[in-house]
Amino acid sequence: MREITYDQAALEAIQEEFRRDPRTVHMATDLPPELRQEFGSDRIRVTPIAENNFVGASIGLAGSGFRTVANIRMATFGFVALDQMMNHAAKITYMFGGQAKFPILYRMTVGGGFQGAAEHSISPYSMYMNVPGLKILLPTTPYDVKGLLKTALRDNNPVVSFEHFLLGGTIGEVPEKEYFIPFGKADIKRKGTDVTVVALAKMVHEALAVAEELAGKGISLEVIDPRTLIPFDKQTVIRSVKKTGRLVVVDEACQTCGAAAEIIAFTTSDKSAFGKLKSAPVRVCGMDIPIPFSPPMEKFALPDKKKIIRAVMNVLGD
Amino acid sequence: MREITYDQAALEAIQEEFRRDPRTVHMATDLPPELRQEFGSDRIRVTPIAENNFVGASIGLAGSGFRTVANIRMATFGFVALDQMMNHAAKITYMFGGQAKFPILYRMTVGGGFQGAAEHSISPYSMYMNVPGLKILLPTTPYDVKGLLKTALRDNNPVVSFEHFLLGGTIGEVPEKEYFIPFGKADIKRKGTDVTVVALAKMVHEALAVAEELAGKGISLEVIDPRTLIPFDKQTVIRSVKKTGRLVVVDEACQTCGAAAEIIAFTTSDKSAFGKLKSAPVRVCGMDIPIPFSPPMEKFALPDKKKIIRAVMNVLGD
Amino acid sequence: MNLSKKQKIDLFNTMLTIRRFEERLFDEFYAGSITGFVHSYIGEEAIATGVIAHLKKEDRIVSHHRGHGHCIAKGADMKRMMAEIYGRKTGYCKGKGGSMHIADFSIGMLGADGIVGAGLPIATGASIAAQLEGKGNVAAVFFGDGACQEGEFHEALNLASLWKLPLLFVCENNGWGVNTSIGESFGAKEITRVPDAFHIAHKTVDGNDVERVYQAAEKAVARLRKGSGPFFLECKTYRWHKHFLSDALPDLRPKNELEAWKKKCPVKAYETKLLKQGILTPKKIAAMNAKIMDAVEEANQYALASPFPKPQDALQDIYSK
Amino acid sequence: MNLSKKQKIDLFNTMLTIRRFEERLFDEFYAGSITGFVHSYIGEEAIATGVIAHLKKEDRIVSHHRGHGHCIAKGADMKRMMAEIYGRKTGYCKGKGGSMHIADFSIGMLGADGIVGAGLPIATGASIAAQLEGKGNVAAVFFGDGACQEGEFHEALNLASLWKLPLLFVCENNGWGVNTSIGESFGAKEITRVPDAFHIAHKTVDGNDVERVYQAAEKAVARLRKGSGPFFLECKTYRWHKHFLSDALPDLRPKNELEAWKKKCPVKAYETKLLKQGILTPKKIAAMNAKIMDAVEEANQYALASPFPKPQDALQDIYSK
């Protein structure tokens, strides 16, 4: 199969859907040249640096029958726009009793590891998960990002796609033929029997590397990539934990009140999974500190393979 | 002991500290008449309706040697100000290497139950907990709010106090004598042996009512009020769970990625507590929906005594 | 343009309807049948009336926390409005929204909203849609003087100016945001200096004079339909009630200010004028009033007779299909 | 006011220092010794230089993502700056901040910042502090044309106007925000129309002419110290480098625009002028340059010789005592 980059796969999803539906608009502070060339300046709009405005304008467009892709760029810029995102995009369908549809795709990058320092390195998806009304994607491969964005571009709700800053250039297989990935269906990226590892965003790749490494030592990890955080495919995690009896959750976001807390909470609250747990679940998360600039400290703050291995050994009782 | 309202107790904390320290400033879109009268218009400022501005101005004042109390009113208005709160207040101490102090007290109300509908009924503290650098208070009684705000007003960091909208008028004992409540020290509001109930915000009162009711049936609940979410007194919860073997967490905020998830996650991740758990922990939280306006639906969306009792029975294995 | 007799009567009728609707509702509110945050539009009726008279169903509006008047003027069904305010299942939002969140997308009323300033970006989106559709439709956004203090105001002005959006900004300047006067909270002595900075055409009118509002809006909307870019209409007015009905804070505005504005009641003033012009007679007015009262009472009864939503209805409408 | 010979030489020296500092740093960056987001101030040195020349240590400034020049002009130690940019323990922020987050509160430099527009509200706070202290101190905030598009700009103008804050707004208008021109992104043909709307005194100068900047800032700061309210100084300039050094996006600005502005290099232009005036000679310049190069190299060596923080140092400074 052909291989393309993550960014290219995301772009293809938008191109295909923009070709199909002329009532689609793209807004961002920067110009995506391929889109502008193909769809013109009416539909591909460069906005002022005013994220809250174009996040809100997307809502008005949606309420008027248009679908918008609004690219906020880094998640840290999203904080400027949280009024429109949280008070409006997330709630507008509900508080107006479902009388109108709000098809919007918000995209932003997350993560650290590139010396962006405290402001520019953040993975705030759990904040968005706490405000009901949004659907939330966390695509980790070129294949996933295309399939998930395609689905998002047919969904009639505000969808937020969090894409790790360092994944954009990664390469993977993407079919030429059109496909869609449903929301709420986790991907078991590697099957295993000893420990369930739920990994988020870029950590999926670290977890897979660890699984490969530990396989050599006879330890079998099941690596689950939830792919969508809202809706969350809890059953796949619970089923896996019932099989392995051990749970490690790996996420680069800050630990406290992160998505990893939710994954542990819903798993341990599930009576059948709880009953099967052989050891206390473990989180491997970003530390509860702002991300420091300097590489040794930044590395220390973020999860890595070593920390994942330590956690696996921990739940295995070593 | 004299009894005063929650709001009055909060006001006293500010008055006392403003008397002590002339380099203190109060900002809000509305005028607190008692403060204005005593401290004048230089220090007690009515701001334009521009929350992000005065949340940010508080940072500039702090960096210039002043302490600010910024009252945002309802937490929903805080979303307008999250750039300054999350990208700056939370991070500025750290990213500048600790060279300056940022003593700021942000206050805002949370909660539902007064037909405020989706926008005005929200309890987003877990979002703030996910961004390290803030200290976070959740005072539930007149005594607590005074003691915690007093401590906040001596702390050299940005502190966010979330105060339930419906607690403002409640009455309780508050000593005339000055006192402080340390951060990171949970209050066991009722001792018990059968089930640990960690309750947040207004739910502390519902949990206490349930405890009273169930005591009559021979069921003994230990009701813990963490009082501060950051820092969180994990040990008090863990100690209690090791004693009771059962955990119910009650919070009005939306369940997914709420503070309740964190409480369950850190407890079940603790090996000693995990080993002592006799049943799967249970959350009693606000539903994962925007808060509807109409009373029957609103009541349905929020936790109440019945739901707490059901959860208690659940962990007791009934 | 000179107004026809029928147009004048229509304007009066709309204003009176808004007035009676709210009065009825307040009785119920104070009697305890209605809860939540209810913001009164009384005293400001001429603005929604005069502006929206020029809008077609296809034109879209965005309102704010004080939104009943905009709904009625845009042609919303009072029964479903009242039912929503009562939190009934038959309401516009099935009881999920309440007074502060009434919308009727089918008539281009994109919603009232409780966050100061937040309608502005949403309205820019509605006007982008109108621009893209290219049918000469427009969008209008109503907001208070208080909203001009939020950054969202600036961003919307900038975008509208830059993209020549067919967006009518309608600033309902009642001089106060809760208990803070505009003088204490806005640095530009006239609000229109700000749109002017963005080269947005603007006009300030007596917002209690419905014909003035009507005439200014007529020109503005015509411009918008031609694609000449946004327009900013400032309407000076006054709110008669407390910030919201159950507000615990006392109303700190000067009493004499309120009294003076009450003398300039938009409904009464227009009534007097139309009587003078012989367009209306006391009898006709009485008949109109009776008809409106009937309709309002019908709405009230409809609401009262409507069932509350079931608790589990709370689980619907989180997402669209 | 006429500038003394010494003042002129000082201005030139500061500009040259900023230039040499960044050039040295870029060599290191491109050689791979430095990582992260580094935004260059080259081409814009006259602004920080001309404005900050009027500020005392007690006056506070807030900068933005392109902040090296402001730090140097305010008197920051280049050694600690360089060490910070290298992520070393001896840096201003102990390696926690990097290029985009250098601050020195002890000299009133309240920090560079990576969020467009975000320095503006913070600076209003610094100027409230100055106002409360009542010693005639002032605050200055530096921001780009792009920042004028964010609502934070509007809110800061409003507050400064309303409260007559001793705040100097310094808009470094380089015509572009990344690859978007101001014409595509700002609706007011002149930015100063916006502060003007708020009755804020303003002036636009050639930001590449250090004496023009100096003279305009002199008047502005004098006004501020007297308590006459805020001032808005727009300085037109141009950025020579890509938006940030390692930006993956190509620079889409017209080549000839850059060439034209390079001919108006603020450092070169002032050098020529001072040579003509006989205030400097080629020899003197060479000596100044050598001294600066030494200082910059010293800073560079200091940084290189400084240890990296320990990994666990990441756990310090989350909270103040």
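The first chain written gets the first letter, and so on, giving A, B, C and D; residue counts start at 1 in each chain.
Keep this in mind: a residue touches a chain if its C-beta (ideal position, glycine included) is under 8 Å from a C-beta of that chain, and two chains touch if they have at least 3 such contacts.
Just so you know, these numbers come straight off a predicted model, no measurement behind them.
Between chain C and chain D, the least number of touch steps comes to 1. Farthest chain from chain A, judged by C-alpha centroids: C. Centre-to-centre separation of chain B and chain D, using mean CA positions: 40 Å.
Distance between chain A and chain B, defined via averaged C-alpha coordinates, is recorded as 29 Å. Chain A and chain D have Cα centroids separated by 37 Å.
Shared contact sites, meaning residues of chain B that touch two or more other chains, fall at 47-48, 50, 52-53, 76, 79-80, 83, 87, 94-95, 117-119, 132-133, 287-290, 292-293. Shown for chain C are the residues that touch two or more other chains, namely 93, 95-97, 101, 113, 115, 149-152, 155, 158-159, 162, 184-186, 318. Judged by the touch criterion defined above, the protein chains are all mutually in contact, each touching every other. Those residues of chain A that touch chain D in the complex are listed here as 29-31, 46-50, 52-53, 76-77, 79-80, 114-120, 287, 289-290, 292-301.
Within the complex, the chain B residues that touch chain A are 76, 79-80, 82-83, 85-87, 90-91, 94-95, 117-119, 122, 124, 126-127, 129-133, 230, 232, 253-254, 256-262, 264-266, 268-271, 273-275, 277, 279-283, 287-290, 292-293. Of all residues in chain C, those touching chain D in their complex are 149-155, 157-162, 184-189, 193-194, 196-200. Chain C contributes residues 35-37, 87-88, 93, 95-98, 100-101, 113-117, 146-147, 149-151, 177-180, 184-186, 249, 252, 308-315, 318 to its touches with chain B in the complex.
On chain D, the positions that touch chain B within their shared complex are 60, 62, 91-97, 101, 103-106, 110-111, 113, 115, 118, 120-130, 132, 139, 151-152, 155-156, 158-159, 162-163, 316-321.
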